[in-house]
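The letters A, B, C and D name the chains in turn, as written, and every chain counts its residues from 1.
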Amino acid sequence: MSAELDALYQEIILDHYKNPHHQGLRDPFEAEVHHVNPTCGDEVTLRVHLTDGPDGPVVDDVSYDALGCSISQAATSVMTDLVIGKSVAEAMDVHAEFLTLMQGKGTVEPDEEVLEDGIAFAGVAKFPARVKCALLGWMAWKDATTQTLTNGDDQ
Amino acid sequence: MIDGLLPDLEVVRKDFPILTRTTPAGLPLVYLDSANTSQKPQVVIDAMVDHLERHNANVARAMHLLGAEATEAFEGGRDRVASFLGAPSREEVVFTKNASEALNLLANTFAWAGEHQLGPGDVVVTTEMEHHSNIVPWQLVTERTGAELRWFGLTDDGQLDLTNIDELLTEHTKVVTLTWVSNMLGTINPVAEITRRAHEVGAVVVLDASQAAPQLPIDLAAMPEAERPDALVFTGHKTVGPTGIGVLWGSRALLESLPPFLGGGEMIETVTMERSTYAGIPHKFEAGTPPIVEAVGLGAALEYLDGIGMEAIQRHEQAITGYALEGLATVPGLKVLGPTDAHARGGAVSFEIDGVHPHDVAQVLDSRGVAVRAGHHCAKPAHARFGVQSSSRMSSYLYTTPADIDALVEALNYTRSYFTLG
Amino acid sequence: MIDGLLPDLEVVRKDFPILTRTTPAGLPLVYLDSANTSQKPQVVIDAMVDHLERHNANVARAMHLLGAEATEAFEGGRDRVASFLGAPSREEVVFTKNASEALNLLANTFAWAGEHQLGPGDVVVTTEMEHHSNIVPWQLVTERTGAELRWFGLTDDGQLDLTNIDELLTEHTKVVTLTWVSNMLGTINPVAEITRRAHEVGAVVVLDASQAAPQLPIDLAAMPEAERPDALVFTGHKTVGPTGIGVLWGSRALLESLPPFLGGGEMIETVTMERSTYAGIPHKFEAGTPPIVEAVGLGAALEYLDGIGMEAIQRHEQAITGYALEGLATVPGLKVLGPTDAHARGGAVSFEIDGVHPHDVAQVLDSRGVAVRAGHHCAKPAHARFGVQSSSRMSSYLYTTPADIDALVEALNYTRSYFTLG
Amino acid sequence: MSAELDALYQEIILDHYKNPHHQGLRDPFEAEVHHVNPTCGDEVTLRVHLTDGPDGPVVDDVSYDALGCSISQAATSVMTDLVIGKSVAEAMDVHAEFLTLMQGKGTVEPDEEVLEDGIAFAGVAKFPARVKCALLGWMAWKDATTQTLTNGDDQ
């Protein structure tokens, strides 16, 4: 059973949990969202700061304040590593790739090139109750980013 | 051999343990009350037993092994409903306790603040052939909001009278709600046409598919959008599933625009004493512990029906209904209420016998092992329309045989001879 | 041997087939999530199977053999509920789909015209330790009617803070609704005292007995009238019965004075397109096909509990809870939320472990076959009151053994060593 | 099975059904009620005319208009035979006796002295679905009588 647990709680996950990257809420930001996992109560408040790049908007910063389990905390930390500095289009691709991994029930082979530390979550896909934990931060990021872009359009 | 019967009828019958029952007098059971509730195949019972004996837990909230298994089984039931209806999205499938609750859910959420809130000047349109469950909720909501309830009348041959459709469907019409198949007259209504007309005036269309879902193939996604209802309901126990579960399918646009109905566990996003926010669909409308073992049973039931094929079931129903209409026509003094063309109707056939009250008909039939329903079948206005207070009703399903119909006809003749006319 | 345990505990356990299950890793199942939902004894499953295989029909409306059998079985379930609660009359027992619907039924009928209609200036009082199902319905109804929602706070040791009772219970207070036993803190509230005080100001008292009914003997008829609630709800699946059924008991006076909730079949007296009149209680509140096989299962469940004896079950729960509290106290860094005297509390024990999130606790426990709940247990305000966002909860029932508790404690120590502190 | 049916449909019941006694609505009356059996829709409109007797009020007339099955029609007809001419107190006793018979599930031995033609309904008690039919007219009579007496008190 320890093997089963170890598949879920990879070292990388526990490291990010204990030392989360990019934590805290920072200025400047264009959108702030608050997401909750209704079943368990895990919460994240997340801000996105985009800047203009040559190929469209770029994720300049993602900052957050989160309450939750090891999986949701670590996934949010890894997410910030993956999206900050990328163009929104690239970051959305990474998001799609991570979503596919999470929804694959353990059958999808993760691509380390794209997902980097995110591959540590491959084991989570086998625990349906925890998939939502791993996606909480990502959903918040996507929501905040979409809001920023839409508001931008409105202006 | 009658054309259109299920080829494996005897095999199908073996799937239903209750059909081997006999009456206290030792007679075989002739169950002709399936429009009231259907019998259950062994696979449905077994699925429920397996769930209760091996996988029982609460859903969504539980993270442990049994909780994960129960959640998967429960949500698997939702997937099965979605595919049974051809629903554009599984999230549009809401579990209720029965069809009646689904209709009340809609009527109630139209009462409260929101895009669709009813008020004075607004009109809700229903029909005179509805089940009470598609009349009373709308009487309550129109009375409580000051809106007006209007309805399509019926023609003498049991069809909707559409001559005044332009008066009924106007820009004041906010909701049009009607049954797809009548549980009393058997009439199949032109729901695509009415939906299209209702959509033209901007009304929300609600279809009561309680009698349609057991009998007709339904494919929501394949319907042209203008003819697709905004909501459709049916009930588990009439589709060889258990009691305690019903289905509300609603388009995402409709469901997202309605306020919550029942409040409580499972339907929230966050709760403080001062204020709550709500989960997304379908959970927003599923307060409290849902019908878990019932969803497992319903999933198995719809899988069973899909396995046989809804087209095949429809053909079987038509064949049996045709055979029944012929048989009933041989009984002197018997009058069928509703359409007499088996291809243009569902499998519920209501009738009167001169001089014998429906209760007495049902009683004598029951003494011969033949189970039919007698009374108003929860459709008093439709009975009143035809000047009768009650009727007898036979209704068939995928396990009904021509021999069942023969037994009915023989018992009806016996009734006449026994009772008043002997 | 611990004092108070059920003498036949091993025999009782044999009644529950799921308890022989093992995890994929081959470990025995240690089910400590009974406050979430209880497991089902074989007699309940068998009663449901027998009904579905031999007696299935719709009730009330059907006059045939199966209809009579089904009606008798269904109404027999109501009789059993009435005797389980010591209800003054069987007609005061209304079947709903779960406890949440029962609470919503009350909240909704207080919204509509009638003797009890809420409006601006009226106050509804609840408490900070309620399940979301006893908060959100009252938020919705007070918001929709302009009434005000107020609540009892909690003391640091998890009791209701009654110091401001005179401010909360005034002549403006129309409804007081509270849980008998908290599903998060385990607290047993002084419901007789609060009911008496609420009655003095003329308020209707609603008791959420969802956690009390499984654990405490209840005898409504034996209560002094001033201390008897006007309504009491519980849910089938927590009292070893199936999902899909809940119970609203209401005094005849209250139920008769409330307007209907859901409209449809079974709840009417007569229906015309213009207007309907309604059946007497309990049918007035039971629209549509009721949970028939569920009532059969619930009847068998309560008969099973009564057979063992609710006093004996209560003693067992107290003994196990006491043993659990002792065991939990040995785990370093573990803090129990709520009362720590086993005699003054129910069997749900929520706790925190320093440095390990409840999800992670539940996950590690699950890998050892121990099923507990992690999260807010549908009691976010109570969690917020204690400054926590979520907790882990173990909850026992009549089939729980000291060995289950030992396994929990051992697994908790393993969790600490595995997870962060190892 | 004919025996089973014959136990229900006694000759007396069929006679009353075909030739109901005291049918039609008549004047004078103090109260008129309309009762419905919600399950099946059987209906009765019933009027009661009471007069003063030496030992309290007397049932002078019961008239009615009924739609329903043989059992409900016959029971209403028999009821009128049994109550008309009796004091209200006596008639209520007969009502109680009939109710006991009907609720006895076939175990109660009917007293012909008291129930006269009413004993023919002994077989109905074995058919729970039909008990309501047999009681419809009686319930209406009791309701109308109670209303009359209560209104009388008010005046």
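Brief remarks follow.
FYI, contacts are C-beta pairs under 8 Å (C-beta built on N, C-alpha and C of every residue); 3 or more make two chains touch, one makes a residue touch a chain.
Chain labels with UniProt names: A, D = SUF system NifU family Fe-S cluster assembly protein.
Small disclaimer: the values here were computed from a predicted structure and weren't measured.
The chain pair with the larger count of C-beta pairs in contact, out of A-B and B-D, is B-D. Taking the mean of C-alpha positions as each chain's centre, the chain lying farthest from the centre of subunit C is D.
As a whole-number value, the distance joining the C-alpha centres of subunit A and subunit B reads 44 Å. The mean-CA centres of subunit A and subunit C are about 38 angstrom from one another, to the nearest whole unit.
Annotation: 31 Å between the Cα-based centres of subunit B and subunit C. Counting only residues that touch two or more partner chains, subunit A has 39-41, 127, 130.
Along subunit B, residues 61-63, 67, 268, 270, 359, 363, 374-375, 380 each make contact with two or more other chains. Across the interface of their complex, subunit B is touched by residues 1-2, 4-5, 8-9, 14, 18, 39-43, 67-72, 127, 130, 133 of subunit D.
Interface of subunit C with subunit A (complex): residues 25, 27, 357-360, 363-364, 367-368, 374-376, 380, 383, 389-390, 418-420. Across the interface of their complex, subunit C is touched by residues 36, 38-41, 127-130 of subunit D.
Of all residues in subunit C, only 60-63, 67-68, 71-72, 268-270, 279, 283 touch subunit D in the complex they form. By the touch criterion given at the top, residues 17-18, 21, 23-24, 29, 31, 33, 36-37, 39-40, 44-45, 48-49, 52-58, 61-67, 97-101, 103-104, 107-108, 112-113, 128, 131-137, 139-140, 144, 149, 151, 235, 237, 242-246, 260-268, 270-273, 275-276, 287-294, 359, 362-363, 365-366, 369-375, 377-378, 380-381, 384 of subunit B touch subunit C in their complex.
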